[in-house]
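In the two complexes that follow, chain A is the common piece, with chain B as its partner first and chain C second.
And then the complex of A and B:
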């Protein structure tokens, strides 16, 4: 098992930091899957995570100038690591104006990701700050636990409103209630609602548009033939939604959500180089 | 653009209905008196008064006169209810507190009367939020019986002069001592903390002093913790008037100018 990678372009480095910061906001611990072409940050829907799960995918070519990976075996040319993204995020904080960033998988006393940040210095020799981030090697026999989740058979798919507005509204609602109801229909309307003994607040978004999903073998048939005005509803933990929105530092190219009434809400946020899927289960 | 509320289901008129083009004109004033969770709202044809009290020792009032609103109608002689001010502020600022140039949140407020919730309709950029906040029995409010005719000493200062002073007050001191006098030191703020005592003097001919009417030398001590909440109002205001009566009651009045240049008072 070998892994070493290098970033020298500052824009790529900052972009990578932003992705890690978003992941750190969503998961305390997650799985990093390395393949020849891609990096994946995965959070599977264990009860410990409050049932929320995440799948984030990046093409390594868009970030790294050098990328060498040798997996556990020839037929399984991949590496699965368990790590605390906050540690990686903190290491990257020192890389604001770095000349280069090197990441390497090492195993001196225990498996670690060694992050070496080369900083500019006045003298001829550079300053290098090294962070050793402990990781867990995930054995091949449980790789199946981390498969890509399938897009659920949703009732309604709708584009999200301007994230800045949605973020403000959800943040205020978080002060008032622990749960939020998200509902949407195929006429581009979405409502966010909270209701407690003290207060009830509903925010209405209109003209959001519904993404066209090509029906593959009719698997999205539950969405077709559906009354356009009828709302798909899900009640979710407001903190999870707020964390997802707070982690979006840059506006995504495309942002949408798929709702399976009373079951799950599937958020899809696409940026140029990164795609993020986040699943929040519905509560009773 | 003001939002027009749907007509009430039972045909009853609202005892209080108001429209405001920029909800910030209301939310910033309410923030100036937000040091407790609950507030009492009192509305008459002249406008709205929001009162917050603490420990029966301190009372703050925010006055928003009817002219600030685009529409303000009170059907009865007066309307009074108690409401959770934290919740009200969260609702008024649902679209965020940062002010982007050119965008503002429009507000419509409706109240059907005793036992009904306060309804808020807020709109920004085509997005509409509807809030229903439960109201409670109004509690008896303190009447300090502070009469402007019984004022002994009065000073009007530009707020910027006091802001730094209040921010730097020695909080290890339990009291803030205020001395007002026709003779030196004219106006002095003193604290007695762990590190020692500190005195801040304002001369009567200072540029910051807008009016100085002191008839008697008075030195009064006030619990500093009771004065801390007033710093919010001080931060928003352009002028502050400081008055004391014969018993040493302190009345602080703050003149607050909003984005449109209109003036409101908080005391």
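And then the complex of A and C:
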């Protein structure tokens, strides 16, 4: 198993840093899957995560100037690592003026991702900062646990409002309640609601638009034929939603959510070179 | 005016000395008392927690405080801090002090084979790569390279800890002298205060050290003030405990805690009229367990209990009548161009590192 990659372009480095920061806000520990073309950050829906799961995909070519990977075996040319994204985020934090960034998989005392940042200095030779981030190698036999989740059979799919607005609304609501109700319909209307013994607050968004989803087999999806005004409702942990929104530093190109009434809310955030899917289960 | 402080496990000692010209006015009158024969200074100690609130929010202080006056009244065991603020507001703080034996570390800086002098910005840039929770850091030097590395104990679970290392070239240092290759590990947390101070005032930092086990000294020096932080360093487990040889017995005021397993920094009182040192409440306060307390091989001797957590305020002027100094951005830097003073000629230069960057000769004795 070998992995080494290099970023030289500062814009790519900052971009990568932003992605890692977003991931770090969503998961304490996650799985990093490396293939020849892509990197995936995966959080599977274990109970420890509160049932939330995440799938983030990036094309390595959009970030790395050099990327070499050799998987566990020829026919399984992939590497699965378990890591703490916060460590990676910290290592990248001070790299915003770096001349180059190199990442390498090493195994001195234990498997590590060695991040080496070359920084400019006043003297002729650069400063080199290395961070050894411990990782766990995930054996092939449990790779199946980390498959891409399928898009659920949703009741309503709707574009999200401006994330900044949504974030500030959710943050204020977080002070009042632990749970938030998301409801949306096929007329582009969405409500965010909290209800406690003392107070209930609802924020209404309209004219959001509903993304068109083409079914794979050409049949009508369950969403079709649905009453346009009827709301799909899900009550979720507000903290998870807040973490998702807080982690977005840049406005995505597309942001939408799919709601399966009383079951799950599936958020999809698409940027130019990164796609992030986040599933939050609905609570009773 | 001197401030000194030491942490609870005696592994870190700090002293800052303000020369009298730092202040706008500085007067003291020795009050003759039969019992204090030759002593021309009254060392006293104050609780850090009591002094801190006086100088909290340096930014606010800089804007609002026009004058600060400090006076001591030994009879009542009081020290009074008076902040004269804008709009006629006067804040007075009366703090009680306890008399104590003065505290002074004996550390021969000029005998250190390794001396580095570095601009404050550089040290800050280095330390930023380490998490604020990082307790200890290892500095390794050879004549060709310098590196700072986060320190991990032998029994650390490497599969969980992130290790950071930064390599620098000797060219980055204003002065670089390495007499002996060494690797010293010290407590970073204790140092952060001095680093912040140095960065704020722009004064370069000098580092004096030797092999591991011997203390390391970080000092800043200016025309008006001089500050030093002396930290214990970890010694190799294999090295024998030589503490007994170096430790001086306790006699009438001489206190000798074991700072490290194999090296003892002795603390000797100064009875002379040496200028006293202000000790800041920079960074961590005494009372927080510094690292040696945790390690079995570095257990600080609990023998001496005289000096405990409170800050030591060694007042050379027995009675400091009327000291005024002005606040600048930080607690110490006291340059504000508002007040003109008869002998305020040197006040202006505090904020600039006016020292020329000449090489430090081997004889750099400073009365610590």
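In the analysis below, the second predicted complex is superposed on the first by the 281 of 284 C-alpha atoms of A that agree within 3 Å, B and C clash if a C-alpha of one lies under 4 Å from a C-alpha of the other, contacts with A are read in each partner's own complex, and residues count from 1 in each chain.
Rule of thumb we're sticking to: a contact is a pair of C-beta atoms (placed from the backbone, for glycine too) under 8 Å apart; a residue touches a chain by one contact, two chains touch by 3 or more.
Computed from a predicted model, the values in this text were never measured in an experiment.
Colleague: On chain A, do chain B and chain C fit together or clash when superposed?
Modeller: clash
Colleague: Should A:131 be classified as contacting the first partner (chain B), the second (chain C), both, or neither?
Modeller: second
Colleague: Return first, second, both or neither, reflecting whether A:90 touches chain B, chain C, both chains, or no partner chain.
Modeller: second
Colleague: Based on the superposed arrangement, let me know which partner A:122 touches: chain B (first), chain C (second), both, or neither?
Modeller: In the superposition, A:122 touches chain C alone.
Colleague: According to the stated criteria, A:110 is in contact with first (chain B), second (chain C), both, or neither; which is it?
Modeller: After superposing on A, A:110 lies in contact with chain C but is clear of chain B.
Colleague: Name the contact category of A:144: first (chain B only), second (chain C only), both, or neither.
Modeller: In the superposition, A:144 contacts neither chain B nor chain C.
Colleague: Would you pull the chain B residues touching chain A in the complex into a rising list?
Modeller: Touching chain A: residues 84, 86-87, 90-91, 93-96, 124-134 of chain B.
Colleague: Would you pull the chain A residues touching chain C in the complex into a rising list?
Modeller: It comes out as residues 87, 90-91, 94, 109-110, 121-125, 127-134, 136.
Colleague: Any idea which chain A residues touch chain B in the complex?
Modeller: 161-162, 164-165, 168-169, 172-173, 175-176, 197-207
Colleague: Given the complex with chain A, which residues does chain C contribute to the contact?
Modeller: On the chain C side, the touching residues are 122, 128-129, 131, 158-169, 171-172.
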